[in-house]
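Before anything else, here is the set of structures, which you'll find just below.
Below, subunit A partners subunit B and then partners subunit C, in two separate complexes.
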Partner chain A sequence: MAKLTAGTRYKALTRDLMWDPKDVDFKKIYPLVEAEGIRIKDPKRWEDPFRMTFNQYVKIQAEKEHLHHAIRSAFEANHGHARIVDSRWFEGVKAFAVAIQPAEYSAHRLMAYIGRNIPIEAIRFATFNQALDELRHAQIEIKHYAHMSKYYDGLHAYAKTNENLWFNTVPKSFFDDALTAGPFEALIAISFSFEYVFTNILFLPFAASAAAVGDEHFASVGKSVQSDEARHMALGMAALKMLLEEDDRNIPIVQRWLDKWYWRCYRIFSVIATLVDYYPRVRAISWKRAFEMYVEDQVLNGLFKDLFKYGIRPPRNFEDTIKEKEHYSHATMRILDHYKHANYFRGFRLQPDDYEWLSREYPNTFERYYAPFFRKMDDHVMAVAAPGLPAVCAVCQIPCEFPNPDRPEQMWTQYVEYNGKTHMFCSPGCRDIFLEEPEKYIQWWWPAESYLSGEFGPTLEDMFEYFGFTPEEANEHYSSRDYHRWIRYREELGLDKTFQVV
Partner chain B sequence: MFVWVRVTFDDRFLCHQGVRAQPDMTGKQLLDTVIGMWGLPGDRRYRLVRVHPAGSREVDLERTLGENGVRDGDPLDIHAA
Partner chain C sequence: MAFQPKTLEPVRQQPWDWPTKNEYEEVTVREQPYLHGHYRHKYYKTDYDIYDPRYTRIRVKDWDAFRDPKRLWYETYTMSRKRMAEEVEGIFDRAHKLGLYGRVAEVWKNFSMDFYTPLRHYEYAGAVQLQHVVRYAMGCPIEQAATYTAFDKQGRAQWLSTWALEVVGDEGLAVLQRGKDLWVNDGAYAKLRRYMEHVLTTEDWAEVLVALHVAIEPLIDRVLYEELNQVALGYGDVVIPEMALICAEQVAWQEQWTEALFKMVAGDPTLSRWEYLKALGYERWPGDYRWGKTLTDPRTTPEEEKTNREILEEWVHRWLPPAVEAVVSLQPVFDRHGIAFSVEQSVERTLQRVVYPRLQGMGILFQLTS
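So, the complex of A and B:
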């Protein structure tokens, strides 16, 4: 018998592994397959772009895990946290902890949901692998936070904070939106819009910044995760092409999903813009330049030109994202500083080198529109604190504090009357998403309403108890106990010494 | 019931902030509540405006919020008169 080629061997291990249902209706097993109007004529001709069998998957992932945990062990054993250039970096890592880790776990569930409901073997194998990847990401990230919580505030009741804090309504609303979409929409939402369009900008600049500031552990998290993302991006691209080529009637449906999820993904990445431009004292690249490289050049000016032949145009509101690149990180950092007294990761007073870098990278916007806000903190770190609980966007759940990029002195807030209520949105992009599916978004729950009604107790202490941290763990970094502990830890290790060479 | 209030001339307000309210309180009572809560100058006169996608409408300070058509969750702006 002739030896199997790699292709036939892969096919033998991954195709025709189960029967077509005979005794029950196919639609009973796959109740969602026709719910979204997607038509698939010949699903067998599509291949998992990576064509990996399980043993290959395990071998590759095991190598990554061994390498990553060796770096993690060395970082932990050698006081790596004390060796970074500035402890304010860990406030950004805390933001990443509660914003991204639950997103990883939600993506794990989403991939299982997609694989369960789409009866295409190529999709099923790829989503199975990705579901495992996402769980791996969640767990290696949690390891970092567990180590950090020995030395730093904000993460000791991690699960409670993840569940109850206002900030987390942002990733929750995004992933719950995807989990309540049909399986094909979820595939476009996560595999294409999130993974293909945006994950490079998530893990590459942030991992580069982690390495630049000396957080070798988190740099390793970023690189290890991104090596999986390359495979996820390939699935996103393959899924998009499959839907477009299978039937022309799929094209307007896919366009509608691209319009929605491009903006949804873009908005959830607003915090990432601050992790690129603000939290690292040594930056690898600015948000603006990363956005130009990874999104404008590669996706909007590259990929979407190729998709034109299918009748696909760039996502609605994409021009707004280009206009916002000069403002995005500053407006988002302003929001975080505005509400830092009720958050588990702190804002911070900008330092002279920060002003210099931000002014140089953003010569048209930073000094004129944003620096005055941050300079108010020079005399009093709470000078910029918001006086209450904000109105948030009914779609993305972020406070309605994004300026109109055409008139930056004005907010971009949009108002829509629906079902006897005025709904507020941070931008035209979120407003347009609401108008497509208002019944979905009027269900939103914003904990401010519960705080205001005293649902979690009558005092401020009750509210923080509900959040899972104390007021001392919030506010401003350089005046915090975290910063002073870090300084003392460095002194104990002798890391505060400077040496002259004569 | 609660409403979202923004003080348009105070740079602490980048967006509307939540305030507990009752439909039978007057516009002036709501105004006095937020003047006290947010430490706005007491010697100035203010206007209360209901923000609506169909157009903003002045709130009559002597009438109740309900009579002014202000509903649960409505955004309101405070302007210096």
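So, the complex of A and C:
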């Protein structure tokens, strides 16, 4: 065996594989490398922080797959779905399924795009590993939903739901935004802003909630995915530092991207906030505390202090995200309840223990601003359903129904005139993103406008067909057929019995 | 199966509204969204949608109908490649313990370092351009196969590097350096290098697959991973042939799925690039309300006039002759080391046994006039 150090050996395997082309122009191979104004002087000195070779990758990943699919098989074989503490959890899993799973798939295509177009081997090798990881995540998540779909509503035409439903435009527009950006912006958007800043809060609290309610399969999905994310986060950090250190002229460009993508990421996490605070009946942590721990302490107070030496300041509007932490999950749950008759996952009537937990975790806001809204559903679960189509934000595409955290009795909605048209935004954060790139955001697809143009067909049945589910699959969980089936299923297995010891 | 109470029966037997026959199809079909992309690219093909049929000239009636004959999805891919990785490591480990490199004739050792190390750049370039295919190909079934193939190519580039490091020990880095120098500056590699540079600038993703998996790779991979095995054994080298057997397994799959894809494509008489929307259940789709307003209307792009078969034929005519030339021009590397092997004959054998019959299977009659 050669006496090379591991580092030298790794370099020998993964560097210097590309050459300066002699018969074609470098810019024909890399047509996008200068498009964004990023300057790269000596990319060779950059290291891929994980030093993962092909052999290591397939061995480690095959082992992870083996473990995860064993857990999945056991869950499927042993009626795992009937053993969780409350079936309303699956409504949250459905939200995750049709929103996050396609996002993983988009990230897969996106990482290949980045790796192809950035001529830096260290980055390319890591992004290509990640392109495979993202395909893995899309697939292990879809396997969970494939099994669930045999017993529960809402998932059976997820591809159409993803293509056509208003709710899915939120995560879809986020990834479409990155996919249509230049390769360096896409790298900062996903590897740094999404992975480094937010991915902990995506998978750790949700996996903890899954474990708390007894969904062992989904807990394993979360943990197994997160074990890959550690690599992605390291890539995000390396990529950011590289761009900042290569040339001072990169700094204002990177700052602009951090401003945009911090808020963009933060906004799509609104639904995650409800998956943390509302859907699990046994909660692992609150959104507020998770946000304080993973974003405020680690990112805003930790990481951005370190970035100060590069001349990078905390992202624009970050104060708003801190102010909103006591409102975020409640305002978002209120939006979901408004439109639960036109969504593939259901809202649910809050139970006494929910009111108790939410009041305790959110003493300043829940009882005062939100509990009265949820109590309206005590007599009729559809009492709060909003008639008509929501006006949605032209950037994040969430209905414009977020309260101003400084004056919670007022909406935060912002308006901008552009090219003779009025555009609406849910918040100053989204408005500022629009103002930077209006030509991009005027292209957004708005399902309501599609519906009015006749694309969804003439009847409501046509519309639901287009959405990929039926009206019976929507509405409220405890009055739904999913809940009643789940109860009967448990009775059949004897899981409804409680045993006393005397 | 034992009696199952009705309450425990699933409400649907199939997870999705579209039929799936196995786990591979469950995780592959309809993964890519086809409608309602939110924006168009800021810098590249600014009039094209994120997933747009215009990234290639070929048209099919259903992009999601392609099936990888091996049905690889992430689980089965990593499981099979783990086995291969362990086998390759085992080969190097045994070679080291048994002192096998010491038994290799000097002449072959010198040749093999000059021949196998430059070709890691060829594998790597293929991996890079397949990432272009992964981004722009239509539908998950096709791009998923391209993804794993690209990763295989990176793997083979690394195995070739590992081999060089193992053979020469501490001098390994210098050998890799020399390999790169040969690749860039030696006349014997010039045509192959130029070919790969042209592949790297080819935008039509289906054409990239023709250039790589139909034209050049069957020819060169037969030399690399198959025909030189007997020669190597003759010079006392068992390491390269053992490694080559595993590489050949990967190569066989990449050619197999590409052949299946182009058979499907060549036999598809579809002339409109928008035909596939019908297979997705959008037969009555009136189009996107933004077309002509905030977005250009993609339907105003003129349709391709040639049939798929004619397009494939055109590509084969464009890529196969330079591919043959590029491989045949490697002959001086053999000659200068005194290795008796005719690349030309090897290429001719592969054309007759593999490439021509395969093209005939696609309805493409092609013969090189020498």
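What we mean here is this: the second predicted complex is superposed on the first by the 498 of 502 C-alpha atoms of A that agree within 3 Å, B and C clash if a C-alpha of one lies under 4 Å from a C-alpha of the other, contacts with A are read in each partner's own complex, and residues count from 1 in each chain.
Assume contacts are C-beta pairs under 8 Å (C-beta built on N, C-alpha and C of every residue); 3 or more make two chains touch, one makes a residue touch a chain.
In this text, all values refer to a predicted model and were calculated from it rather than measured experimentally.
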Partner chain in contact with A:495 - subunit B first, subunit C second, else both or neither: neither
Contacts of A:449 with subunit B and subunit C, given as first, second, both or neither: both
Partner chain in contact with A:460 - subunit B first, subunit C second, else both or neither: neither
Partner chain(s) touched by A:67 [first = subunit B, second = subunit C, both, neither]: neither
Partner contacting more residues of subunit A (subunit B vs subunit C): C
Which superposed partner A:230 touches (first subunit B, second subunit C, both, neither): neither
Touching partner for A:32 - first (subunit B), second (subunit C), both, neither: second
Touching partner for A:435 - first (subunit B), second (subunit C), both, neither: neither
Touching partner for A:116 - first (subunit B), second (subunit C), both, neither: second
Touching both subunit C and subunit B, counted on subunit A across the two superposed complexes: 449, 453
In the complex with subunit B, residue positions of subunit A that touch it: 334-335, 338, 373, 384-391, 399-401, 411, 413, 415-417, 420-422, 424, 448-449, 451-453
Complex contacts: residues of subunit C adjacent to subunit A: 5, 7-8, 10-18, 23, 26-27, 30-44, 50, 73-75, 78-79, 81-82, 84-86, 88-89, 96, 120-121, 124-125, 127-129, 131-132, 134-135, 140, 143-144, 147, 150-151, 154-155, 157-159, 161-162, 165-166, 168-170, 172-173, 176-177, 180, 183-184, 193-194, 197-198, 200-201, 281, 284-290, 294-295
Subunit A - residues contacting subunit C, complex: 1-4, 8-9, 12-14, 16-24, 28-29, 31-32, 35-36, 53-55, 58-59, 61-63, 65-66, 69, 79, 102, 105, 108-110, 112-113, 115-116, 124-125, 128, 131-132, 135-136, 138-140, 142-143, 145-147, 149-152, 155-160, 162-164, 169, 172-173, 176-177, 179-182, 440-445, 449-450, 453-455, 457, 468, 485, 488-489, 491-493
Residues of subunit B defined as touching subunit A within the complex: 2, 4, 11-20, 37-38, 51-54, 71-75
